[in-house]
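Each of the next two complexes has chain A plus one other chain: chain B in the first, chain C in the second.
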Partner chain A sequence: MRLNTMAFYLHRITGVILAIYLCVHLCFLTTVKTGQYSSLIKVTLSRQFLPFDLMLFLIGIYHGVNGVRLIIHEFGFLYRHRKVLLYLTFAIVLTLWIAVAWEVMR
Partner chain B sequence: MKGLGWLMQLLTGLALTFLVAYHFLITHIFGSLQLNEVVARFHELKAFYAVLLVVVTFHAFNGLSVIAEEIGRGRLAKAFYVVMAVVMAYGLLLLLSV
Partner chain C sequence: MRFKIRRFDGERSYWQEFDVPVKRGMTVLECLYYIKENLDSTLSFRASCRMGVCGSCAVRINGKPMLACETQAFKLKEPVKIEPLKNFNVIRDLVTDFEGFFKKHEIVKPYLIRKSEGEIRQTPEQLKRYYIYTLCVKCGACVSACPVAKNSLGPMPIVSAYRFNEDSRDEGKEERLKILSDHIWHCHFVAECSEVCPKNLNPAEVIQRLRLEVLKFNVRW
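Our next item is the complex of A and B:
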């Protein structure tokens, strides 16, 4: 599979995951009203839950940074350098993810 | 995906890079997820969260609708706009009632 095709499918897959997460997030926030928030947030902030959080950050960062790359191309910029921009996207995603993970795990 | 839907997906996507980054910073870096802080943020930043909710819900369900259209599920594509309206209304009601 070509890198560009992989980036396209990854953008779609991460988008679907984030849309599902949006609904789950709203359901979770409902517990602020119903009174179970404090006990639930203890579970989601636990060590065992950290891998899910880190995965969510990676998915969000990828979708965001790759989205900006797509917008740049849609406006007709840097189309001749799309391979370089794709590699740059992966590098930025990885750097941001490591920085965010470092900050959250401190 | 072309036309108004495409333009809106592009603009909301661009806006979300800033909105979500700000949301992340105030919840995970400069703030916490303790109940009293979450409630305080809802009160102090009501307009910000209302905008974030509308923009992110539109982007999510417009995106899902486009995918459904591309795989030939026209009715599902339309249904996603109904779900979008329901989720937006639910989120805004939740925000106003906290």
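Our next item is the complex of A and C:
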């Protein structure tokens, strides 16, 4: 699979995951009313849950940064530098993710 | 060199391998002809001009849509995998059905629309605005590479619409923009069409330019 296609499919997959996460997140918040919130929050804030959080950060950062790249192109800029912009997107995503992961793991 | 070709006999699809004595300078199309003439006469593929003008011989070579006549066999990684174009129905072996492709092309009215009559003059500068887009050979490589082409117009008809819209002799720009209003938003800017176009036409750029024009056309009052 070529890089452009890979970026497209990753954008779609991360979008779907974020949509699912949003639904789960809203369901999670409704437990405030039912009184199970404090027991559930203990699970999600545990050390074992950290890899999921890191994955979520990566997915969110990728979807956001790649979305900005697409907006730039769709507003009519930098078509001819699309390859450079694509590599830059991956570099920014990785840098941001490492920075965020570092901050969370500290 | 070893060639792995995706065969289709109308019922089943399978891979078949051939060894071709490749000489420096041989194109993939010449290799296909070698196979047909010496190894398996039942191999079907489409070709005509052998010099990148007719666009008939577009196939997927090692996963990338390319013109077989313009691809040097020696530059490819072995085994050379040859498959029919994606997003097209396969008729037999490497021959695909282009009927839907040309039907989609017709939608954008790919011809000069004139309301007035008389002599049409065009300056070299006006010609320069659209000339490069007249080089499209309708090979289908862009449609094959596009992940959303099956359910949309695809890049080629949009490039064609742009070519006529930019032509100073044409008077059907509004008509085409109206038609494109329903189709142009399907593009997700994957830009694979620009990567694979054998004529370097950059359809992804054309689509974005046309989007802005369609937007301006639709929000005018």
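Here, the second predicted complex is superposed on the first by the 106 of 106 C-alpha atoms of A that agree within 3 Å, B and C clash if a C-alpha of one lies under 4 Å from a C-alpha of the other, contacts with A are read in each partner's own complex, and residues count from 1 in each chain.
Everything below uses one rule, namely that a residue touches a chain if its C-beta (ideal position, glycine included) is under 8 Å from a C-beta of that chain, and two chains touch if they have at least 3 such contacts.
In this text the structure is predicted, and so the values were computed from the model without any measurement.
In the superposed model, A:22 lies in contact with chain B only, and not with chain C. Taking chain A as the reference, the larger set of touched residues comes from B, when chain B and chain C are compared.
After overlaying the two complexes on the shared chain, residue contacts for A:79 are found with chain C alone; chain B is out of touch. Look at A:103: by the touch rule set out above, it reaches chain B but stays clear of chain C. Contacts of A:5 after superposition: chain C is touched, whereas chain B is not reached. Applying the stated contact rule after C-alpha superposition, one finds that A:32 touches chain B and leaves chain C untouched. In the superposition on the C-alpha atoms of chain A, the part of chain A touched by chain B in one complex and by chain C in the other spans residues 74. Considering their complex, residues 12, 15-16, 18-19, 22-23, 26, 29-30, 32-33, 37-38, 41, 44-45, 60, 64, 67-68, 71, 74, 100, 103-104 of chain A touch chain B. The touching residues of chain B, when paired with chain A in their complex, are 10, 13-14, 16-17, 20-21, 24, 28-29, 33-35, 38-39, 42, 56-57, 60-61, 63-64, 67, 87, 90-91, 94, 97-98. Across the complex, chain C meets chain A through its residues 63-64, 145, 147, 188-192, 194-195, 202, 204-205, 208-209, 211-212. Note for the complex: chain A touches chain C at residues 2, 4-5, 7-9, 70, 73-74, 76, 79-80, 82.
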